[in-house]
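Per-chain residue numbering starts at 1, and chain names A, B, C and D are given in the order in which the chains are listed.
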Amino acid sequence: MSNNNYFSGLFSGIKSLLVGLGVTMKEFFTRKITEQYPENRKELKMFDRFRGRLVMPHNENNEHKCIGCGLCQMACPNGSITVTTEMLDTEDGKKKRSLVKYEYDLGCCMFCELCITACPQGAIEFCTDFENAVFDRAKLVQQLNKPGSKVAEKKVAPKPEAAPAEKKESNPETPTTV
Amino acid sequence: MEVKKRAKIKSFPYEEFKDNETYEKLVQELNANGANVIVTQLDNLIDWGRSNSLWPLTFATSCCGIEFMAVCAARYDIARFGFEVTRNSPRQADVILVSGTITTKMAPVLKRLYDQMADPKYVVAVGGCAISGGPFTKSYHVLKGVDKIIPVDVYVPGCPPRPESFLYGMMQLQRKVKVEQFFGTTNKKQKEPKE
Amino acid sequence: MTLDNIKTLEPSQLRAEMQGLKAKGFDYLSNLIGMDWGEEGGLGVVYCVENTATHEQAWLKTATTDRQQPVLPTVSDLWDIANIYEREAYDFYGIIFAGHPDMRRIFLREDWVGYPMRKDDKPEEQNPLRMDNEPLADDTTQYELQADGTVTTKKNVVFGPEDYVVNIGPQHPSTHGVLHFRVALDGEIIRKIDPVLGYIHRGVEKLNESYTYPQTLALTDRLDYLAAMQSRHALCMCIEKAMEIEVSERVQVVRTILDELQRIDSHILFFSCLCQDMGATTAFLYGFRDREKILDIFEETCGGRLIINYNTIGGLMADIHPNFQKRVKEFIPYMRKNIKEYHALFTGNVIFQNRSKGIGPLTKEQAVSFGCTGGTGRAAGWANDVRKNHPYAAYDKVDFNQVLRESGDSFDRYMIRLDEILESLNIIEQLIDNIPEGSYKEKTKPIIKVPEGTYYQAVESSRGEFGVFLESKGDKSPYRLHYRSTGLPLVAAMDTACKGFKIADLVTIGGTMDYIVPDIDR
Amino acid sequence: MFDFTVVTNWIDALLLSFLPGWAATLVECVLVALAIITLYAVFAIILIYMERKICAFFQCRLGPNRVGKWGSIQVLADVLKMLTKEIIDMKNVDRLLHKMAPFLVIVASMLTFACLPWNKGAEVLDFNIGIFFFLAAGSIGVVGILLAGWSSNNKYALIGAMRSGAQIISYEVSIGLVMLTMIVLTGTMSFSEICQQQADLGWNIFRGHVPAVLAFIIYLIAGNAECNRGPFDMPEAESELTAGYHVEYSGMHFGFYYLAEYLNLFICAGIASTIFLGGWAPFHVLGLDGFNHVMDYIPGAVWMIGKTFFVVFLLMWIRWTFPRLRIDQLLALEWKYLMPMSLVLLVLMAVCVSLGLTL
């Protein structure tokens, strides 16, 4: 190494270090970008497309839209959804499927939205709640239909964004593997 | 039975925490034998120290690890809780955040890491993979939940959980640490995994 | 791309044909895919070789019906990368490659029973969870096929008794996940690296065979989570082409923009992690600060930060969010400004320069032979950008440069990534104001069945060529769905790149190679 | 300037009034030891808190702010936790050495800590070869590190310890030479006299002008390397060696290393302020008597601690900006740049002093 190199290398090196120091010093005085959770819980709002956990919306009469067809269960890649149904006799003597229990394992869910796209009724959706940590594994298996709830009687048109256009209005009597 | 100790977390009301039933049960178990006043005070002090100084082990196998990095980074800044001192040596860490899929090949390694940690040690299963195998439950090479090999204190679901969920999970863990007894049974605990 | 002209060869003809192709300039082995065609088709391998000058591809396949001891000739002496690909095929299918110097398992434990990807194998029954420490042999077996058809074996040494072997990984902060290097050291100098993979092998390819097509999509996000958009884009494109679905212009453009955002995201993370590994923690946080902006864009439109779940067969899950264009337009100048900060803080730093220039160089020949695509290959001067060579989506409509460098050392690999961020910003800038109107999703049947055939689609993911190889028998699940990992060749090249350098350089080289372990192990 | 000997003499007289001479000395020793240990712990806690906050601010985030106001008692929580954490006994380690190593490190750092002159008349260890003693005591620390690496029976620890040995021994050369340079200027090795001189004649960094400023910079670099702090944190080098020589230590044993790291930083900065920035000597400007008078009202201890924290801040700024060096570059930096330069400085300073060119 020539002497020239030795000194020019030294000075350019020192200069580069000083430039770096300048950058960090500037940053030292800029406003910090930290968002303070949980202090900001009141203001904190997730993006509405954020997938926090699966819910089944109920209306004020404790009614949901799930007819227990089990398409979501079939669509789920790793079995996070278990739909239990029973056959009931309706007034006009026909058999009708009715939802007993809609179990959803949050600890297994991969948030792929296949269940929601598969649902012909728009009965399930993702909410933006993210505070889900628990102490007990069993608590992650949630029952989505509230106790005593029943399916909404009136045929509700599926919500446009929840059920994609190409899904035909599927027949509730379609036999499923449930 | 009256709950003797109930952890307070700054800026987060007790009632708004999830899974308070399990928590109350846990508190009752820990307080079943009772304790005298001085010991309780000392316990409170030590628990306060421990709960505010949970140094995580840098352990990440997949996607959740990236989110963990995001939690450590400027926007979410886990340092606010005092947890930013991530230790690379299991001997010096207090909590192992199992973030990511644990395969059957990795399982003995994880167990060894857990064994290498000094008591008191805590485990947080982060994300679907660590809780139950998540997206890969049906795979031949994936452990279906780390609670099969090591005891888990807190489960943080998500795939991957967003940074706030991480912080929420850490606060749940803080609550758990805050009710432990140093002068009781739990210091040198050798918790057994389920099954 | 439909592969209707795969050339079928007898195992005995294979070597001559391959040598001929290699001589003709097909110097890049992009795929070597183990296959199980059942009792009749036998166990075999599909090869894809590419000519790096003309970008012409040749597809070949060979098979043997002997399921007890399937032996095929090796090509590991022709292409360096074949070494590790053949070990993968051995691991999953039990195909023995005669003449291969190192026939060990690569992903599964050495005491694993059976070959999980064979259609008749029951991996879970034979392999209960083993909690004892994993055996790691210091020697390996080489199989030779004799003229009379018998197979002889020979022992090769991986590490001798005189080697000072340090295990770096599987739990180590700078391996970027659970990667395990067994490193033979001479003082601080690296003599040999033996990568042990599979600590995050999740059996994605096997899972795919039991999943329906929409379900397989979900797993691509989790392979290389910093190329989630691109991987999923590749699979969607592959299925769409197989089913002859034409997606709208709008979808093409949106996919392109999101792919590029994902690339920026990945490169920022690359920068951050490299800084972290080299001890500049502050630069790490600056990178993450900027990355959050992209994640916000992703989350608002797609609903996920890391696992994005946006592309779907026939289009997109949902239309772009109304704020999307605004946010992206804010991001472009912001990022350009911050790149300058990165350069001032880290690139120019004399310590970094000394630690990266001339460290871990890969020549162009080595890069091609190891199949190191992406930034690593381009740093060595290999123009391997799939976006240029085999354009897809809206890439033929935009004007961008393929960033190339000469020396292929760590510094070049680093600079390539930072320059690509700027290129990606250019691409996005050209497209963001011109998103055409149209439907965001084509109509598809409720149950998706891909017509019988073999298909391949490659995209330029964040760290190289990500390929999807799909063989369908016309069912609703794929018969075989193989992903060309972008990271596996990079890990394979680590030994060559690191030899003679120091342990501290291993961190630099590993960092600049930019591999993601779940993508390697799949 | 307030002379702290007033206090010490008063205590001495008080004790002698009802105790025999040997007992009084004993009590005084205990008192001093307690004071030193308390100060040691307090400064360690302050420094750790300071580092965490400063590093956060450089990194555009907030740092600890949930434990106590502004996170001020965060480190107390850490200490409490560390004290109640299990100390793991391992198989196949050299028990005695393994347990002894952290104590060696902490003893070395306490001995050097005791060398710092806090105020006029408030020096704990003060004798005519003070600097010499400081260098010697400081070198015990490296033994602790080497033993830790050797006894842990861990390859990472061993490599870390080897690096550390090479690094600390090399950098001691320039530290020694730089200190020698300053001794040429001051003509004494006693810390108290060095400080007194600076109070009378002006700070050494001004008196010695060019060679002193350069010596100061070299001292900062070499001192930083002595403390094993970034960008010279090779022995720990998180991303390469997980935690380096203390990879197998847990609980309070690890805590000792952790404390010693920060205290060494403080000591390094403290010595820098003593030798170059005047120690407890206030800032005086020649000719501005009013100003000088006001400066004199600020107690010496405040000056000393203030200067030390200023240097600490400089070192933290450096640490949180630069990437880590590689071991060979580190040694090249020492032997090719710092050592020759400090030799030149030594000669330069000798010439300046003999020709009377100092201010």
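Convention: a residue touches a chain if its C-beta (ideal position, glycine included) is under 8 Å from a C-beta of that chain, and two chains touch if they have at least 3 such contacts.
Predicted, not measured: the structure shown is a model, and the values here were computed from it.
The greater number of contacting C-beta pairs, out of the two interfaces C-D and A-D, is seen for C-D. If you average the Cα atoms of chain C and of chain D, the two centres end up 49 Å apart. If you average the Cα atoms of chain A and of chain D, the two centres end up 53 Å apart.
For the pair chain A and chain B, the distance between C-alpha centroids works out to 23 Å. Chain B and chain C have CA centres that are 34 Å apart.
Residues of chain A found to touch two or more other chains are 17, 20, 23-24, 27, 32-34, 36, 50, 77, 110-111. Among all residues of chain D, those that touch two or more other chains are 56, 58-62, 65, 238, 242, 320-322.
Across the assembly, chain B contributes residues 10, 73-75, 77, 80, 88, 135-136, 138, 159, 162 that each touch 2 or more other chains.
Under the stated contact rule, the graph of chain-to-chain touches is complete, every pair of chains being in contact. Contact residues on chain C toward chain D in their complex (touch as defined above): 164, 166, 172-174, 188, 275-283, 285-286, 289, 345-346, 349, 351-352, 354-355, 502-507. Of all residues in chain C, only 211, 214-215, 217-219, 282, 286, 289, 292, 296, 299-304, 307, 309, 317-318, 321, 341, 344-346, 348-351, 353, 441, 443-446 touch chain A in the complex they form. Of all residues in chain A, those touching chain B in their complex are 32-39, 41, 44, 50, 53, 77-79, 105-111, 130-137, 139-140. Across the complex, chain A is touched by residues 9-12, 18-19, 22-23, 26, 74-77, 80, 128, 131-138, 145, 147, 152-159, 161-165, 167-169, 171-172, 176 of chain B.
The touching residues of chain A, when paired with chain D in their complex, are 10, 17, 20-21, 23-25, 27-28, 30, 32-34, 36.
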